[in-house]
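Letters are used for the chains, namely A, B and C, taken in the order the chains are written, and counting of residues starts over at 1 for each.
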Amino acid sequence: MLLQIIYIIAISAEAMTGALAAGRRRMDMFGVIIIATVTALGGGSLRDMVLGHYPMGWVRHPAYLGYVITAALIATALARWMHHLRRTFLILDGLGLVAFTLIGCAVARNAGHPAAIIMVAGMLTGSFGGVLRDVLCNEVPLIFQRELYAVVSLLTGGAYVLLLEAGFPETTVTLGCLAGGFLIRLLAIRYRWEMPKFVYHEELH
Amino acid sequence: MLLQIIYIIAISAEAMTGALAAGRRRMDMFGVIIIATVTALGGGSLRDMVLGHYPMGWVRHPAYLGYVITAALIATALARWMHHLRRTFLILDGLGLVAFTLIGCAVARNAGHPAAIIMVAGMLTGSFGGVLRDVLCNEVPLIFQRELYAVVSLLTGGAYVLLLEAGFPETTVTLGCLAGGFLIRLLAIRYRWEMPKFVYHEELH
Amino acid sequence: MLLQIIYIIAISAEAMTGALAAGRRRMDMFGVIIIATVTALGGGSLRDMVLGHYPMGWVRHPAYLGYVITAALIATALARWMHHLRRTFLILDGLGLVAFTLIGCAVARNAGHPAAIIMVAGMLTGSFGGVLRDVLCNEVPLIFQRELYAVVSLLTGGAYVLLLEAGFPETTVTLGCLAGGFLIRLLAIRYRWEMPKFVYHEELH
């Protein structure tokens, strides 16, 4: 299945961004592998813990751990050339965001959850690997401050729910949402679409 | 039920404190909503993950997400006037702390857990939304350094367990603990009751 | 059982290191107790949440909470003398690391998980209490930057899986891995064995 192939590409790309983030914090190779794994698989794991959906994907398919660790090691080996690939990464990461989202939505839908929970499950899967990466690297999560990211996840999930509700077949909906969500993410990067910032100065204490 | 109404008020108040914390970190509107949601619903979610209690409250009642997001948006719209409401917030937050605690205690008790776990469940529900908020905002959690907060949660939970054990009816116990815990929290704010600090200077490494 | 006694010693030692870390952050006594509890019991709790293994150990045996809190209070009372015990702590912590690891491996094995998941479960149990402690204290986790620690966990888990696979009896394997893993940890401390660091400077954004 197409989504499966894209999923493998996506966790590999996410693992690489995690490995580079760890390198910026001067971690050792073990830290690199952990941050890469958390970035790639943490969103889906959090979704499964929230929904009580056991066993988790990578517990059932430990091969995923192998892909992620391999991708992290490749990223450290090629670190010198990585900044030339910046554009490639952003594209793979965008594809991964939308693929993760749709997988998360499908998991919640198959478990019989209502529309709002399907959208939340998609967003957790798509965006929270990066949140966990930033927490472990001791940073304010990037996705709370940058151009449209998790919002793409929510829009994709919303479209997925609506189109299925409208009676379209699942494969069509999945492919359509994959293309549409990916396009929005690319446009958001290209034109620096951002959510309005909320800045609050008053000291409460 | 009274506790239910107080619960809605409490998650709304907690969501507002989360939104303001996000604003202090210059997050975008999406970050604001996530931090608000985690602050309001994170404590109960953590309790459910620790106890293996599925489905979680907001997964069963997605309307809670709606209340929380609405409260967060109202807080950003009214941010300019928020510091005038400081006192109101502290009071609502104190009410929320005690209401969350009693709900958490009831969940653990209905699942048949022993007294110590009932108290821990109450404390996780009452206090750990704020801990997760502070971790996501990249701060040392406030409740580990400020006036009596989680301790109010533990005292409330302890009284709840003891009074039920002593044979009082559940409604009486719940209302009594709600009033008593709320009073202690108000006194702690008024007289700046604090736990003794533990300061350790020696370098271990 | 030997592992059980070592486990009690280990959670007490881990609780003490957590209490001292909290003291360095000037937390109050409540914060001290929470950080101590998370350090001692957080790794096993995370393992249980990841594997969907309920009820968790300390929920079934709330007495563990008592040991941990007592150890934390002793650490604060004796803080002045704690740096004289640095060597003792490192040794107890090393013993705890290996004992936690083997307990985590046994839990995953009894639940029927494959080799890779048994090793991950051992590593989560052995090393992630310290990761959670560092996240709550707002620091980059130590184990991602210091001498061999989690790697000892992985090696111990790997040996455990291989030796059981080879047909050795469980008690022999457990004791052998306990001794072997502990020895490697002591050597890693003595000779400052470290994983290679990965340092990445290029700005991606």
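One rule holds in what follows: contacts are C-beta pairs under 8 Å (C-beta built on N, C-alpha and C of every residue); 3 or more make two chains touch, one makes a residue touch a chain.
In this text, all values refer to a predicted model and were calculated from it rather than measured experimentally.
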Spell out the chains that contact subunit A while also contacting subunit C. B
Examine where the copies subunit B and subunit C touch and state whether the two sides share over half of their residue numbers (same) or under half (different). different
How many angstrom lie between the centres of subunit B and subunit C, each centre taken as the mean Cα position? 29
For subunit A, residue numbers touching 2 or more other chains are 49, 52, 135, 138
Please name which positions on subunit C make contact with subunit B in the complex. 17, 19-20, 22-32, 34-35, 45, 49, 52, 54-56, 59, 62, 65-66, 76, 79, 82-83, 86, 89, 135-138
Residue positions on subunit A within touch of subunit B in the complex are 49-52, 113-117, 120, 131, 135, 138-141, 143-146, 150-151, 194-204
